[in-house]
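Encoded as structure tokens, here's the structure I'll be asking about.
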Amino acid sequence: MPGLTLAEIATLLNVPSPAEPTRPVTGVNTLADATPTDLSFLSSDKYVAEFESSRAAAVFVQKRVKLPPGHRKIVFLVDDADLAVAKVLEKFAPPIPRPPVGRHHTAIVAPGASIGEGSRIGGNVVIGDDTRIGRNCVFHAGVIIGSDVTIGDDCEFFPNVVVRERITIGSRVIIHAGAVLGTDGFGYRWDGKQHAKIPHIGTIVVEDDVEIGSCVCIDRAKFSATRVGRGSKIDNLVQVAHGVTIGRNVLLAAQVGIAGSTTIEDSVTLAGQVGVSGHITIGKGTIATAQTGIPNSVEAGSFISGYPAISNRDWLKSSAVFRKLPELRKAIADLEARLAELETRLK
Amino acid sequence: MPGLTLAEIATLLNVPSPAEPTRPVTGVNTLADATPTDLSFLSSDKYVAEFESSRAAAVFVQKRVKLPPGHRKIVFLVDDADLAVAKVLEKFAPPIPRPPVGRHHTAIVAPGASIGEGSRIGGNVVIGDDTRIGRNCVFHAGVIIGSDVTIGDDCEFFPNVVVRERITIGSRVIIHAGAVLGTDGFGYRWDGKQHAKIPHIGTIVVEDDVEIGSCVCIDRAKFSATRVGRGSKIDNLVQVAHGVTIGRNVLLAAQVGIAGSTTIEDSVTLAGQVGVSGHITIGKGTIATAQTGIPNSVEAGSFISGYPAISNRDWLKSSAVFRKLPELRKAIADLEARLAELETRLK
Amino acid sequence: MPGLTLAEIATLLNVPSPAEPTRPVTGVNTLADATPTDLSFLSSDKYVAEFESSRAAAVFVQKRVKLPPGHRKIVFLVDDADLAVAKVLEKFAPPIPRPPVGRHHTAIVAPGASIGEGSRIGGNVVIGDDTRIGRNCVFHAGVIIGSDVTIGDDCEFFPNVVVRERITIGSRVIIHAGAVLGTDGFGYRWDGKQHAKIPHIGTIVVEDDVEIGSCVCIDRAKFSATRVGRGSKIDNLVQVAHGVTIGRNVLLAAQVGIAGSTTIEDSVTLAGQVGVSGHITIGKGTIATAQTGIPNSVEAGSFISGYPAISNRDWLKSSAVFRKLPELRKAIADLEARLAELETRLK
């Protein structure tokens, strides 16, 4: 990895240069694991002990943290230690290995496909007919794109991504290895003898700046489109069913599942393994904690948990009582016995 | 997309031809989103306001719905609006782009494999030795089939499907992109030092008319076979473990997980993210709502929810009380105080 | 499948040769499904009726099981019927079809990659620059390995496995079809306008004897490494987020999800669909039953269930009361009425 001096770090963060300005650093690590060429970070009083024993070359310290008097570490006092870490990670990041500009000789590109300037088509990539790909896109090995697909500029698709036919993808979209866009929705009609397949003639629209994780499945709509709005980020192994509309800047953590025709409004965050029923609306800015099951529409700004989902505050309280249910049952039985005794005495 | 006139739609649905019989339509959409060349549908009184303001060329209206008097829309009165939609979607469906009949020159087909007439083998497809493939099958790009696999007629496997060795698949089976059939079951034996791998020498049998979603994993049995019965449909990201038996016409929604050696009888429906323990039987026709966790066998015709699963009716009632648990605890404490006071007075 | 005689089975298990020592067997099946050339097994009194009617050639019987007097089956009395089955499955296991030693002519191997003696590189495999692969590894068709990856000896990667750049994998590691190692962790920072991507410059270290299921996703760390310890086994469709540390001999069943920076200590077992929050520690030897949701760190040796996770014992008790909540609410209402009546009388 490329290295930086402590003085260069200071310049990057716009803070005063520390002692030992020429000291080189080449990475970031936790206080416990940092070596003498690593930077580290301290954003909570909880880790002050680890700060004192850390071997890190220097430490980003959140301003509100109380450092032990007389410590001898090199520190950068910053408003936001996480942001400081993100900034230096950008500098330390090794380049992602990419196929060269042009087409690998093993790529199978249909004659009617068009590929913009500066794009990189890796080994065994398959691109269908009438597909239009913008500039400076990167398709790693094994990517398969169907016919009549439109893709913007500066996209990066990692190995074995599959994008089926008639799909529209914006610019700066990242799709990670093994994701599949465009499978038929899971829709059948019982015709008296069998589950007859309902044709899914719709499409998918993925807007700009979306990132889609590995092995994510996004199904095409029955008609019209399944949509993922600008700037939304989807973690690995998420299911987005047919006809779902995802707004802007939504975060879907790993293994979330969203059933058909549901709307997830802007800036919603669903934590890992959350499940959302079909044909409902999750209001803007809602947060659902991990494993929440959401059967009904939810108002904007909700903070929910549980199955079926209720407010996080109520769920925490009820969950605390849940653990005491056997005691409660016993308390009720005791009350009944005592009350029955009183009633008998007073008969 | 191919277009139809309203008169042609009437013929298709076997209903009287409406006003403007020559008016062309090219798609289907919701009442709110339909354009003047779209059909739409109204199957519930709930959407009558949207009906009045819709721009749709014509609307399929379920007979029991009360239309506003004096409306000026073109309507088709039908017994089942969903069925009417499905029928016209079939007509509007653009053809799925498929590789031509024969083998793409990049396909790697073992000399001992046999491929039936009319089958289409796409780019970079790999087919193992002694594998027998029926007529009119479609293998899209990147499909990998192991050795000694038997596949019937009219199957369609989408990109990057993997079918490992010694598996039997019926006719008219659809497998979506990225699904994997034939991984070893997750079976180990602690030998005192490590988890020793138990060989999985069994197979998988997939019967006719099965559809399998993207990134579905179906494991091979330890011995004998993992089975998926005729006409069953499996949504994306489902796990079917070693030795599971799935009956006929079963529906498994996305992210369902079924542990080893369990039997799912005919016509069971498991909604999204349901988990089923190993070595149990889910009786015929059972329905489990989303996220249900099923630890024990379930009688035929059950309708279940919750974790651990109980009857849906009981679960709904108990869940309603769950939200009130803090109030209940308070009520019990109040009762205790009041009763203690009475007891003191009467001592 | 290769066959064995009953005498050979006896030798394998180190037990006395039974009647009909030359009788051939070719497989294993349950008592109900066994044919006259199958072995079967009986490890519980529960299945004695099936034992009596089984057509199996011979049956492994756990010593503590009480056989019906006068039965006429050929039996092998063994200490552990499951172990006996595992031993004979090893003998019956047909060889896994593998590409020949060397490189398939369609493989794309970067000039700077090195591949050890005896390794087998299948069709359409892609191997990046500076990648070092040990001896006797098997890469099935469609495997894609990035640049600067280190892989030990005797590994087997099934079709379409993706291993991204700068990852270290030990020896005897098995990775099943469609698994993806090395995707960026799901990490963003809200910069006031959008979710800005945090670079993930870390790596993944997979130690010896690990087995990873199909469509498993293991993300690379933000810095340092995501780790999977020696002898751990991961089932299909599991999510292991950035910076997770998994100890030795851990078992993760299908669809488990582990959020970022969490530590799973040695010998933990997480059953299917368990979810674990980020930045916590699951103590050594902990067992979590299916669908458990774990929000906080857990002490070594815990046995937990529920959401949020509590001790399995408490969860079972509370779950039993949960079903009775409507009755409990009614009991409290009745108590209140009776108490109010007493209070009125005594006023």
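Every chain is named by a letter (A, B and C) in the order it is written, and numbering of its residues begins at 1.
Going forward, contacts are C-beta pairs under 8 Å (C-beta built on N, C-alpha and C of every residue); 3 or more make two chains touch, one makes a residue touch a chain.
Because the structure is a prediction, the values reported are computed rather than measured.
By the document's definition of touch, common neighbours of chain B and chain C comprise A.
Residues touching across the chain A and chain B pair largely diverge in numbering: under half of the numbers involved belong to both copies.
Between the Cα centres of chain A and chain B there is a gap of 25 Å.
In chain C, the residues that reach two or more other chains under the touch definition are 106, 124, 142, 160, 178, 215, 237, 255, 273, 291, 307, 322, 324-325, 328, 332, 335, 339, 342, 346.
Residues 106, 108, 124, 126, 128-129, 142, 144, 146-148, 160, 162, 164-166, 178, 180, 183-184, 186, 188-189, 194-201, 215, 217, 219, 222-224, 237, 239, 241, 255, 257, 259, 273, 275, 277, 291, 293, 295, 307-308, 310, 314, 317-318, 321-322, 324-325, 328, 331-332, 335, 338-339, 342, 345-346 of chain C are the ones touching chain A in the complex. Residues 1, 27-30, 33, 82-83, 85-86, 89-90, 92-94, 96-97, 104, 106, 122-124, 140-142, 158-160, 176-178, 209, 211, 213-215, 231, 233, 235-237, 249, 251, 253-255, 272-273, 290-291, 306-307, 319, 322-326, 328-329, 332, 335-336, 339, 342-343, 346 of chain C are the ones touching chain B in the complex.
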